[in-house]
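In what comes next, chain A is part of two complexes: it sits with chain B in the first one and with chain C in the second one.
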Partner chain A sequence: MARLQIEGAVKSFGSTRAVDRVDLDVADGEFAVLLGPSGCGKTTLLRLVAGLEQLEQGRILLGGRDVSQAAPADRDVAMVFQRYALYPNMTVFENIAFGLRARKIGKSEVAQRVERVAAALEISQLLGRRPGTLSGGQRQRVALARAISREPKLFLMDEPLSSLDTKLRSTMRAELKRLHHRLGATVLYVTHDQVEAMTMGSKVAVLRDGRTVQVGSPSDIYHRPADDFVASFVGSPPMNLLDGTVVRAEPGMVVVGVGSASLTLCGTDWSGTASGMGVRIGVRPEDLRLGPPHDSRHRLLGDCTVEVSEPMGHETVLHVNLGGDSLVVRTSSDGLPEYGEKVPLAIDPARVHLFDVSTGVAVGAATEGSVLSPVGAAR
Partner chain B sequence: MTITRRSEPTEGRHRPYTIGDAASDRLPGSSFAAGTRLRAHVGTGVRYILLTVVAAMFLFPIYWAVVVSVDHRSQVFTLPPHLVPSFDLNPIRRALVVLPWAKYFLNTTIITLATIVSVLVTGALAGYSLALREFRGREVLFAVLLAALMVPPEATLIPDYVITARLGLLNTLAGQVAPVAANVYAIFLFRQFFKTLPPSLWEASQLDGVSWYRYLSRVAVPMARPAVVTVTLLTFASQWSAFEWPLIITQGSRARPVEVALSFFQGFDGTHWREISGAALITMLPILIVFSFAHKYIVKSVAGDTGDT
Partner chain C sequence: MPRGRFREPRGQALVALCLLRHYVAGQAVPDLPTSGSPVVSPGNVLANVGELAATNALEPVGVAPGGRTPSRSWWRETASGVVPVLPALVVLGTFVYGPAVLVVAMSFFHWNLAGFSQSQFAGLSHYRALLNPVSGFVPSLGVTAYYVGVMVPATVVMALLLAMLLRDSTKRVRGLSFFRAVVFLPYVTPSIATAVIWVFIFDPQFGLANAALRLVHLPAVGWLSSTHWALPAVMIDSMWKQVGFSVVLFLAGLSRIPTELMEAARLDGVGPTAIFRRIVLPYLSPVTLAVVMLTTIASMQTFGSIYAMTGGQGGGGGGPIGSTTTTAVYLYKVAFVDFHYGFGATVAVALFVLILGLILVQRRVGERRTFYR
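Up next, the complex of A and B:
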């Protein structure tokens, strides 16, 4: 196992900058996730680390050693490919053993390792079969087994669960986590699925257009998104974003007008705001509530109309319309309003995020004590 | 092959807008359905008749060779042709003893096998380079190779002879393998096949530290089995029946292949039709045997189906 350091990595394809000055430090034994929409450069970054693409600028260190110029075979990394990349003409056993034999490992040691890894991944009974006869989940396990058997310094995984069905995906998620705990391996894991990123990573790097927008713990990413892109990309359903204006900015407090209401937000640092500035107000669906506020946290935002209701069983996601803006609300499943019904909508002001409307960058998040005061005819 | 069932009659009834179209025409018991079935039977019948005629056209020459080889000398040239021969096995017996057939067969077998191995190895190696290795001038090189396909074989006959002579390979087995030891078509086929393999297989091998020749021999070539089979069969067919080149560069029985040996019966005293037919049948046997085992692959490769079998 080893620490991975990516420093100022740049890679272009023609005029496209697929990876643009990315820095990332993955500690020894850490499970780091690269999260971002399709085409943001996740795969390219992973391939740079693997040595399958050549860096244009920057460098990559593995266990303190600069491997930027090293051939893939000399980097001692194992990769789990998106489509598994199993050799179709070989049995499962041979698939796992092929790479071990290439590393000049003795015959009995190879057999032992294959057996051991196969047992750990519960594929012992599949060792004689060919990949073509296996289900997607089984192939996934074989691909993992192949990577694990190598005992590499670093695991690279490119959306390994994306071609599994939902149920299998959540099983494999848990299993990968267990495996990681057991192996204590350093993992760089690529996904466009924020659920995977949040549940699996101890560190998440959000990528957009080849750049890291934010690197942090899942909780950081979720609760303190660096910009409105991260805010809307992470979380399902995504964060609501409403346009508003800063009415008053003071150290430790800011007043924002949104629709017919105004929010007084307390927070540690609002230095990015100025009076009259356009802002985007972000609030997560779980921080909105239907019905008149009945506790001290929530404040009335206005009356909204229910447009769509998506019952999930344990909760219901409601799409409501508030003065022309569409908002998503997460509520418990009982006592729900009907379609078209007009209901009061309340907000937890302590959970509000503010983003600069022109750059999208977060200008602060509210803390306890934030107050919302309805001002009848503010607009 | 999957058979897709067209919409069931009941489905047609559930969809009012299809009334009158093909779906409802196939309601059970309608005379139209019976007519369709009848037409299908007639169609199958016609197809089999046609196939039989075509098969007969291809089999007749072989049958005719059998007739000629065992008929009485006087009956070979009679008109109308003698279709049911009288069985005189003397010519075949003569043909078998007059020449060292075992030696000729051995020559042909060695030449054919050596050529197959050589064409496969060179084809796979060059195809791999052209498909997966990056080097300057790769596409130009490939274009030049393809251009070589357009050179008619007659144009290279004399240069080939000169080179073979200078290499001291006249009247040798090697002299019959060397000019065809590499084949552009085989290179092309392997290149195309390797290009269709998922790049991640090659990348996974690289990460595992698998050398390129191990990847080639253990992954790429085994997966290119249709290409291997096609190249093998085409090389087999062309080398087994090679005539012009071996006729030019061989003498006696030292390196001469069986196909050329047949010309022994075409001498100054005319053509010994019965002997030549009998001997030709014998030389043809290996081809017939190989093709009866491999016809599945031949059909596939001719039809351009490169799917894994």
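Up next, the complex of A and C:
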């Protein structure tokens, strides 16, 4: 296993920059996830690391060695492809053994390794079969087994679970995580699914238009999004964003006008704000609550109308309208208001994020002690 | 019924669908679609789709109330299927199937141009004569075997090589489509025209072929006047002419191979030779089988280029001293130089049976080694 360092990686296709000066440091044994919408350059970045694409600028170090110019085979990385890329004319055994034999590993050692990996992934009974006769989940295991048997320095995974159904995907997520703990492997994992990113990664790099927007732990990404793109991309349902204006900015405190109310937000640093500045106020669906506030944290924001209700069983997601703005509220499934009903909407002001409306960059997050008051009351 | 109903392409498509419906449902076309059977099969499903489409776009289809007697609409539907295929059926029947049946009949007669009534029945005597060494049929088989035996493997190898050079992933090569066109062009050029060019090339004194040999200090060859070199010369012409078609087939096959497989292999450290042997070739196996079968058929039937390149003395081609007399050339000489039509027909039947047998064997053997995804 080894540490992976990507320094100023650049790759273009024609006039399009697919990867634009990306830096990423993945520690030895870390599970790093490249997260972003389709076309953000995450797969290209993975292929650059694999050596399947050539870097234009920058360099890639694996275990301290510059592999930027090395052929794919000489990088000692193994890749799991989105559609498995199993050799359809070979049996499962041959699929796993093919790469090992190419590396001049002895016959008995190849057989041993294949059997060991197959046992670990519970596919021993499939060794004699061809990929065409396997289910999606089984193929996925074979593809994983093929990568693991190589015992590479780095695992590259390109949306390996995206072809599986929801149930199998969640099983395989847990399995991959277990496998990662057991192998202690360094993994670079590409996905557009934020649930995969949050649950599996120890480090998440959010990409947009070929650039890294934010790199951090899943918790960082979720609770301290670097900009409104990350805020709305990570989290399901996504963060609510409302437009507002900074009424007053002081060190450690900012007052923001939104609709008919104003928020007094406490925080350590509001240096990015200035009086009169346009801001986007971000609040997670779970930080909104229907009904009159009955705890000290929540404050009444106004009356909203229920537009859509999405019951999930353990919770319900409600789409409500508050003075023309559509908001999403996550709530427990008991005593829900009906369609068209007018209900009070409360907010937890201590969980509010502020983004600069022109750049989208976060200008701070509220902390305990933030309050909401009717317009004028805070002045 | 509006008369111009099938002028629209959609109408024609529906006719095809109706015919297909009968075919897939396993009914002979004249069978009446009487009581609707509740059996669910792909055929029935398709039939329903066809019926629905026909009902929506045209007019009510099917069966008279009670479902026993053929209704007017049934006749209409049948006619609407048969009429469009009639021209093709007439042409094929007159010029292909009819003559083919006639040839089989002729092979049992000492055929006279005046027709069967004036021809003497020969029984199996022509078939016995085939096996007589004097007849020339057996030697022609030897020449054919030599020709086919070289042409088929050489075409497969050459076509595969060219296809690998001209495949999509070499897109960065400038003028790729130009080279593809160059390779394919001889295939669509008349064989007599190309044969004339090759006759020039193989001219012993002024030809390019001998000039090239002299350039590398090899002795000049008599080519078309040599019993050793005439057939190889014809092979070079045929190969140059035919290979383009097989290249196109291989190119189509190559484009089906997922690039991910190659990438996975490259990452695994598999070398180009092993990638070719273990991934590319297995993927191309169905195409290879098709190329082998098609080249076999084409080679067994080659006539035009041999006739044009080796004609002249004695007439009918196949010289010198029968060294290029393949069975197809032999058939021509028997029938149209010696005017033994009945025996010529027998040779034609024998050639047909031979090709059919060879193709069946190839398919049997090939399918076991062929990998279909």
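In the analysis below, the second predicted complex is superposed on the first by the 375 of 379 C-alpha atoms of A that agree within 3 Å, B and C clash if a C-alpha of one lies under 4 Å from a C-alpha of the other, contacts with A are read in each partner's own complex, and residues count from 1 in each chain.
One rule holds in what follows: a contact is a pair of C-beta atoms (placed from the backbone, for glycine too) under 8 Å apart; a residue touches a chain by one contact, two chains touch by 3 or more.
What you see is a predicted model, and the numbers here were worked out from it, not measured in a lab.
With the C-alpha superposition on chain A as described, chain C and chain B clash in the combined arrangement.
Of the two partner chains placed around the shared chain by superposition, chain B and chain C are both touched by A:A78. Once chain A of one complex is fitted onto chain A of the other, the partner contacts of A:L179 are absent, as it touches neither chain B nor chain C.
Residue contacts after overlaying the shared chain place A:I105 against neither chain B nor chain C. Contacts of A:L336 after superposition: neither chain B nor chain C is touched. When both structures are laid over each other on chain A, chain B collides with chain C only at 25-33; the other stretches in 25-33, 79-87 or 331-339 stay clear. Taken together, the two structures place residues 50-52, 71-74, 77-79, 81, 83, 85, 87-90, 98-99, 102-103, 146, 150 of chain A in contact with chain B in one case and with chain C in the other.
Those residues of chain C that touch chain A in the shared complex are 258, 260-261, 263-271, 274, 278-279, 282-283, 371, 373.
Residue ranges on chain A touching chain B, taken from their complex, read 50-52, 71-75, 77-79, 81-83, 85, 87-90, 98-99, 102-103, 146, 150. Contact residues on chain A toward chain C in their complex (touch as defined above): 50-52, 71-74, 77-79, 81, 83, 85, 87-90, 98-99, 102-103, 132, 146, 150. Across the complex, chain A is touched by residues 198, 200-201, 203-211, 214, 218-219, 222-223, 308 of chain B.
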